[in-house]
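In the two complexes below, subunit A is the common chain; its partner is subunit B in one and subunit C in the other.
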Partner chain A sequence: MKDIKRYSAVEFKATPLKNQKRGDWDVVLEYHGEGEGPWLVDLSHRTRLDLQSSDLATKKPFGITIPETPCRSVLEKGMLLNRMNRIQTSIYHLDGETIDIPEEKEYTDVTEATIFVAIFGSRVFSVCEKLSNLDFAGENKQTPFLFQGPFSHVPCQIVTLSREAEKSGVVLTCSRGYGKHMIDGILHAGEEFGLTPAGEARFTSWINNL
Partner chain B sequence: MALTITCPICGKRNGYEFRYGGEEKGPRPDQKDLTPESWCDYVHMNRCVAGIQQEWWFHRDGCGSWFTIFRDTTTNLEKETPEAKE
Partner chain C sequence: MMTRFNHLPTLKINTGDKIPFTYKGKTFYGVKGDTIATALYANGVRIYARSLKYHRPRGLYSMNGECSNTMMEVNGIPNVRTETTYLKPGMVIKEQNVKGSAENDLLGFIDKMDWAMPAGFYYDTMHKPAKIWPVAMKQIRKAAGIGKLSPDHHMPGKYDEIFPTCDVCVIGGGHAGMKAALAAAQKGLRVILMEARPWLGGDFEYRTSEYLDSQTHHERAVQLAKEVEKTENIRVFTHTANVGTYNNNLVTGFQIGKESDSFTERYIELRANSVVVATGCIERPLLFENNERPGVMQAGCALRLANTYGMLPGKTAVFSIGHDLGLETAATLHDLGLSIPVIADIREDGQDPKLLKAVLDRKITILKGWVATEAHGSKQVKKVTIKSVDATVSKTFDCDVLVASAGFTPLTGPLVINQAKLTYDNHTNFFLPTDLPKKMYAAGRLLGFENAESIEASGHLAGLKAAYDCENCSIAELGDAKKAMETLPGPARGTKLITAPVKGRKTFICFDEDVSIKNIKQSINKGFDVPELIKRFSGAGLGPGQGGIPGHNLPLFTAKYQALPDIRIKPTTVRPPLVPTLIATYAGTNHTMFKRTPMDEMQRKDGGIFRNIGVWQRARYFSKDFTCKKEIENVRNNVGMLDGSTLGKFRIHGPDALNALQRVYVSDLSKIKEGRVKYTAMCNDDGCVIDDGVVVKLGENDYYFSTSTGRAGQTIEWIRYHTRYENWDFALVNLTDAMGVINLSGPNARKVLEKVVDIDVSNEGFGFSEYKEFTIADTIPVKAMRLGFVGELSYELHVPASYMKSLWLMLNEAGKEFNIQNFGVEAQNVLRMEKCHVILGQESEQRTNLLDIGMGFLWSRKKTGYKTVGVAALIQAEKDNNRLKLVGFKMENNGRAPKDGALIVDDRVLGHVCTARNSFSLNEAVGMALVQGDMSKIGTRLAFYEDECNGELIYGTVVETPFYDPEGKRMKM
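Up next, the complex of A and B:
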């Protein structure tokens, strides 16, 4: 039997310095010349789940309580839960060891259907406002919070995790088919702010400091 | 004039994020006594109000919700209620 190899739809024109084989994925931990930020990190290998149930109030995925209000999110134990509407919650695995996907039929693994990137560092919102008219800084909202809307004209889920100066950052997911052009668009918009591709290690360091 | 629409999930957004779903025409007619003519009227005929009408919208680029709003077709502005005045 041949080994399965999974590829992210996100490709950076940067030279990897450190790689790690994780499951069927080849994960880049660090790129050459990551610079001072802001950074763009490919997290497509991280598990994403869609939880759909008419009775979300009784569900506690990974022991975490789902926010009651749509567009609110919660970050606990390396898991990000985003309440999408009355019956749906998206779940992103951001940090820690590989997770076991719950066996209940309400959970759908959407990891390979979407791309998943993080944009963080100072002036991240300046990059974002070139690509979307949504207010990701959302001064009157409590972080983390979810936006479902267009980013670079593509329907996305975007979660603002922090808006504290150097720690500012968002994670973004959209259909896999848009991957290449979405990344080109983000890097082009971020060029004037010094946006560079970075490896997963930099993301892990950022998320652990939030 | 730019149209903004208030989605019940996402809040006020640019009208280009939405797809128009037609006039609100009330519940589907009862199957009993339904004639081809009355079904055709229900499906195809519109009131085309010059003023405030209730209509369906779909948040295509956002949360995927279907919902109704009131819109003044003469000003292309969303209204809170059918009786809303300028």
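Up next, the complex of A and C:
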């Protein structure tokens, strides 16, 4: 039997240039020919948690205060917290070393439930506009903010992290099963804008510059 | 090829860039910027097609594509509107609806048979005697419709879609639209401007007459367009036709791609906070004898032929017009070399004095209060008869073009399809939009304005109103804009004349369906006295152009003919698409969007044949033998692996988790022991069974449960809905995609599993209905259940999705010595059917309750206090013996299995087959069926009626169930 590995539902037809073994994941840090952007990065190996509690106000996951208003998000210490509704928050680990999942029962590790990708760089919202009728550019929303709605006709969580020209970008999760077709759809929509797969390093650099 | 002008500032063609195309098998040349129709016109083509009913010759008429006159087959695609479709190199253009050619159509004689085809003639004839109708119907259907397209035609090109959002959407890129866009944009709003033509400017763009202070309309259009294009927050979609508007300002359209675009056409669906409609007007056709003869064209068409496409419409033109654009056109075309012997102006007075002078300065005769009454010439206009409007005097002129239009018709479609009302306005002779939808405004020429400053001011005002809706404009600013409008000329007086003084036998109110004034009179005389009825009886407005040509003439004529004191009659209903487009455009990119399981790739490599099942793509077979004999026998005798990852999987936790489960599941789940699996079901309020699955207890107030594949997407909502009035504290997490499932089944399943796990998986160590958590190789966490859906020793392994591939490979390797095989969904279907385990949706339908399918044993009658969904209905249903019951049956005389869904009959329908197969395990055909209660007794004979059986029934008998291993020893081994 070969090594036990974990596989992402996201697969790019690009040649990895730099890899890193992280637990049982084989994480691609850089691909050949990443181009000038915009970029699509697979973050499915990054931990996502579901926090549900009737008393969310008292919860401070990883020492971060959860936004009070549904659909508001907060990005701190490499963690992105998205208030989904009265009782529920999604937590994405975007940057930094592996995290310890809190032991309280209110937390469920949902890393496996979804694919997790970032789309960023100039014209990212032109790509999004081809796949979703959600208004990413509406001035009435302050970044970061959460949409729970359709993207390529599939229910997603999409967090807009920045709308600043070259720094524009979103992270997106959807049911893992849709992984292949969602990625095909995003890459096809982004083809005319030069959207290319990129490794995690590109994402890390982006997130650290926000 | 005609010599083209190349000096006009308004031209949109490049005469130096020749474009070849094929027409009737020969190569011709147009120039860059030509539409197909103008390219043909430049090459001397005057007859583009023949009409639908009478096969009358038809030619260029409006350049707006609102009728079928110039629809042709282009590159194999029929009904292309050549007036608005731009020429591309290599296009192959063919005439359609002709027998022979458009020039010499063998069916042209039908034009003389119009007496035999009065309005609605097919309602009066061809059905007595009744046997005629089937024959006549076939002939009518052959004649109906234009163009042919193969059902499997593949549309070439790239079709895209976008879903933008904006604050203000402006439909129409003329002066009013551009001013509206600028007004809203100057308030900092995000504006989208849609324009049907490939450039901004609307109907001013091609006019060289004076706008103001020596600036021409064209120059003003260019100036405004530049201003719009440099405004960052205005997004301009040119060559984008609006096709629909809907509630809450959803606006749809389609854009034709340029050479540099990545799409051929793209569908646009945008949401705006506020909408301004500034779509302008088209010309209202003038009604006279042979008013659609090639050579008859509207003023805008003649003017655009020259100013936009660089050619004169002919050598000599008679004008019969009812508006100042006609005078302007005459003066402009005269200057370019067109001979104009006479202008018959319907109006006695009211002409723009400057234009009148311009015409007289050019020594063009103008007859006021005159109108064209007949165009002569069998295929093209050769001369025209004009008469005074009171028909007392007439004159005839030789010509090859007749420029004719009665007035204008506002393009109110975007407003009307979003529920605005139309009301007749006596001053403009327009049906004007009233009761506009919220946050929707009209501006410009469609309100009757003809003065350029008024048009722009109305656009500016509408733009501010839209900004006000977005809370970006003050009442004071609106007031100022309104005051500014009041100082400018109001809407212009419209021409009242509808039809020239003619009998109307060949005066066509609808070109597409060859409906004449005479036909309208016939319809009214038969009692069809309003346009909606006339349309359906006579066909007026039913053709490809819908109401484009008959539009406002039909209600105006209907009112006039009935001498109605006021015009309360309305135009016929307008529906989307306002401008027709390709189905391919609506389809857009059409990305495949199905779910795939974590084992998808491996199963495809193993030869899996996949089917779309609900939202998932699943391996249904693993060979081309769709009976799945080998797969089934392998599970019965050896060991197989099934991908069960599509099952719904959930975690529910929190102090009230058990309460929530008790509310929706019929069993008493308080009795679940840790380490055990509880099979149970959910019902709806009617007691009808909607889902089944297993529940396991993970810990205190913490449960893991599964649902059927089809219900997974609704489960959380279902539980939340049925607990919405309780203040219960529980959390639900959907883990459907998080956990992959491998079902390891068959007598050798244990032998395979024990090679990869470290726990005791013997029957004693891991018994039937037990649940265990363990890790494989100290790495892969597994939730394992001993279940027996297929009736054999089975282990259901729930594993984090990312590890599934690794586990699959491990099991395959471990199973090599037993020749482990995949089995697919169809094999599972047969295996469980032999065991009479139900699949909800297969053995149940919408009305089937828990008791009907023999699952009443799951219902805990002792469980009280939880208001379990469906229990009240089940208590009632328990006493009802007339309900359908699920039974097992075998076929008589070792016959074949009936088809799924076959009816069970005597002289009535008594039930239906749920699943039936030829069983390889039993060597006979068996199945399950839902039958009426009195048919459920063992030994009852069932007669099966299948589709296309021609009355030949097959028979079976109700038998005891399950068919296979009735004592259940094999799954508990």
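Everything that follows uses one rule, which is that the second predicted complex is superposed on the first by the 206 of 210 C-alpha atoms of A that agree within 3 Å, B and C clash if a C-alpha of one lies under 4 Å from a C-alpha of the other, contacts with A are read in each partner's own complex, and residues count from 1 in each chain.
In this section, a residue touches a chain if its C-beta (ideal position, glycine included) is under 8 Å from a C-beta of that chain, and two chains touch if they have at least 3 such contacts.
What you see is a predicted model, and the numbers here were worked out from it, not measured in a lab.
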item	value
First (subunit B), second (subunit C), both or neither touched by A:113	second
First, second, both or neither for A:133, with subunit B first and subunit C second	both
First, second, both or neither for A:71, with subunit B first and subunit C second	first
Which of subunit B and subunit C A:205 touches, first, second, both or neither	neither
Subunit B versus subunit C as contact partner of A:52, first or second or both or neither	second
First, second, both or neither for A:98, with subunit B first and subunit C second	neither
Subunit B versus subunit C as contact partner of A:19, first or second or both or neither	neither
Partner touching more residues of subunit A, whether subunit B or subunit C	C
Where subunit A meets both subunit C and subunit B, residue numbers	133
Subunit A residues within the subunit B interface of the complex	70-71, 84-85, 133, 147-150, 155
Residue ranges of subunit C touching subunit A (in the complex, touch as defined)	160-165, 190, 262, 269, 271, 589, 591-598, 600, 615-616, 651, 653-654, 699, 701-702, 729, 731-739, 777, 779-780, 800-806, 809-810, 813
Residues on subunit B engaged by subunit A in the complex (per definition of touch)	9-10, 13-14, 17, 59-65
Subunit A to subunit C touching residues, read off their complex	1-2, 4-9, 24-25, 44, 50, 52-54, 87-88, 105-106, 108, 110-114, 129-135, 137-138, 152-154, 175-182, 184-185, 188-189, 191-192
